[in-house]
Amino acid sequence: MSMLHTVNKSPFENSTVTSCISMCAKDSSILFIEDAVISVMKSTKFTEMIESSLKDFKMYALKPDLEARGLSLNNVIEGVEIVGYEDFVDLTTEHDSVQSWL
Amino acid sequence: MSEEGIVKKFMYVNRKSPYGTIYALESLEVVLITAAFDQDVSLTFTDDGVYQLMKDQKTDGIGMKNFSSTYSALGDYEIKKIFIDKESLEERGLSVSDLQELVWEDEDEDYAEKSSINLVSRAELSNIMSQQDIVMSF
Amino acid sequence: MKLGILINEGPYQHQASDTALQYVKAAIKKGHEIYRVFFYNDGVNNATRLATPPQDDRNITKEWSELAKNHNIDLVVCVAAAQRRGILDKGEAERNGKDSDNIEEGFRISGLGQLVEAGIQADRLITFGD
Amino acid sequence: MAVDFFNNSEVDVSLEVNGKSYEVDEEGYLADLNAWDADVANAMAEADGAPLEDNHWEVINFLREYYEEYQIAPAVRVLTKQIGKRLGKEKGNSKYLYELFPYGPAKQACKYAGLPKPTGCV
């Protein structure tokens, strides 16, 4: 069964992003929303972790949250898909279940 | 009280230590209600959530109700699947002996007490989580 | 699809309720049914009609209320969490001997069983919180 | 004075026991749980028109012990099962418990036992 994981915390704030990645099964996906969109930016201390995890699962970041925080879409790690709220809805229905990491 | 006999797999993921926020207590409240609906309920304790099960909690000094003993009632509510993340325990210098023992009584075997606790790796947890219908994280 | 929504944080302090609103609007636009929005933890604070945010800020409670009215959405506030935090409808206020209620139109107070039922009946349950 | 179960019209209700006055809420639940004693339970039951007998006390004592140990009032199903285990199968069924406590074991017996008022969660 495929699962969509959503995360909303900055990886600089706490370990939610790393916990989520460590418990994400192979055919699952991660959607970064709210403060978690910071995770998918290039040249941070988490960039390498995200890049290597992209081999195992798909990752998405919510565009309105990136834009709201002044984060350039050009600086998003390659391979991370930038999506809107309607895509967020599609992701929840395309996966078998959803886990929101709070 | 089941809804036309539908039984789903509900997992509650507890990731926060108790008392600092209300999440642990209010998570427990949902868990007890879910059990009343005859659903397949399991609980995961990971990250700081493992502190929820610490033995010898004493809350007199902080003026809050000590709800740690309520976890021992889970067996009465037919909740027999408690998963504890081994790595989270190790990271915090804890072992399962620091935690409460949680058991359920097997009515068919003259109320014999059986352990509800399963110590699992993150890889195993990931596998168990992905088989759930509903996951709620508190 | 039938979607159940759980909101665990109040308005303004966290983005959770805003994200949930945007999500629900997008889901309705895509033709999905919102089976129920359940407010738990501090999420019950989304239901107070007494909040008066500045005029140039969004009014989240009103937005939920209007969305519920226009699309016939069931907005349910957990009774136990609401009692702790002073969110009351008329019946609850009377039952508990309080001098007034404060719930916004379109929200109703009920038990946690409504959350479990949403989990059982909906095809997906999506949580928004902190 | 009489305290009716669902009587919401009373304001500032109190229960008189042995010349002492106890504050109770609109539904007759004790405001200060620490003030509970057996006389309070008897007075509540008499006010409801059905004095407590040994069978009632078995359940009330069980509820108090359960609350003391687990910090929650047991759900009706748990109550039924545990009563069956402790007092015998013939008592571990909801028919028996509802005969003892016609307003519902969760509500009425918890009230007499001095447990917190159920929030009506289910």
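Per-chain residue numbering starts at 1, and chain names A, B, C and D are given in the order in which the chains are listed.
Following the convention adopted for this analysis, a contact is a pair of C-beta atoms (placed from the backbone, for glycine too) under 8 Å apart; a residue touches a chain by one contact, two chains touch by 3 or more.
Note that the coordinates shown come from a computational prediction; the quantities given were computed from them, not determined experimentally.
J.: Would you mind naming the chains that touch chain A and likewise touch chain C?
T.: B
J.: Once you count every C-beta pair in contact for both, which comes out on top, B-C or C-D?
T.: Contact tally favours B-C.
J.: Tell me which chain's centre, taken as the mean of its C-alpha atoms, is farthest from chain A.
T.: D
J.: Report the inter-centroid distance (CA atoms only) between chain A and chain D in whole Å.
T.: Each chain reduced to its C-alpha mean, chain A and chain D end up 51 Å apart.
J.: Can you work out the whole-Å distance between the CA centroids of chain B and chain D?
T.: 29
J.: With chain centres defined as C-alpha means, what is the inter-centre distance between chain C and chain D in Å?
T.: From the centre of chain C to the centre of chain D is 33 Å.
J.: Any chance you could list the residues of chain A touching two or more other chains?
T.: Touching at least two other chains: 97-98, 100, 102.
J.: Which chain D residues touch at least two other chains?
T.: Residues 121-122.
J.: Counting only residues that touch at least two other chains, what does the list for chain C look like?
T.: 8, 80, 111-113, 125, 127
J.: Give every touching pair of chains, nothing left out.
T.: A-B, A-C, B-C, B-D, C-D
J.: Hey, which residues of chain C end up touching chain D in the complex?
T.: Residues in contact with chain D: 79-80, 83, 94-97, 111-113.
J.: Tell me, which parts of chain A touch chain B in their complex?
T.: Interface residues on chain A, with respect to chain B: 1-3, 15-16, 19, 22-25, 28, 97-102.
J.: Using the touch definition from the top, list the residues of chain D that touch chain C in their complex.
T.: 8, 11, 25-27, 119-122
J.: Which positions of chain B touch chain A when the two form their complex?
T.: Its residues touching chain A are 13, 15, 23, 46-47, 87, 122, 125-127, 129-135, 137-138.
J.: Taking the complex as given, what residues does chain B use to touch chain C?
T.: On the chain B side, the touching residues are 1, 3, 6, 8, 10, 22-23, 26, 29-30, 33-34, 36-37, 39, 133-134, 136-138.
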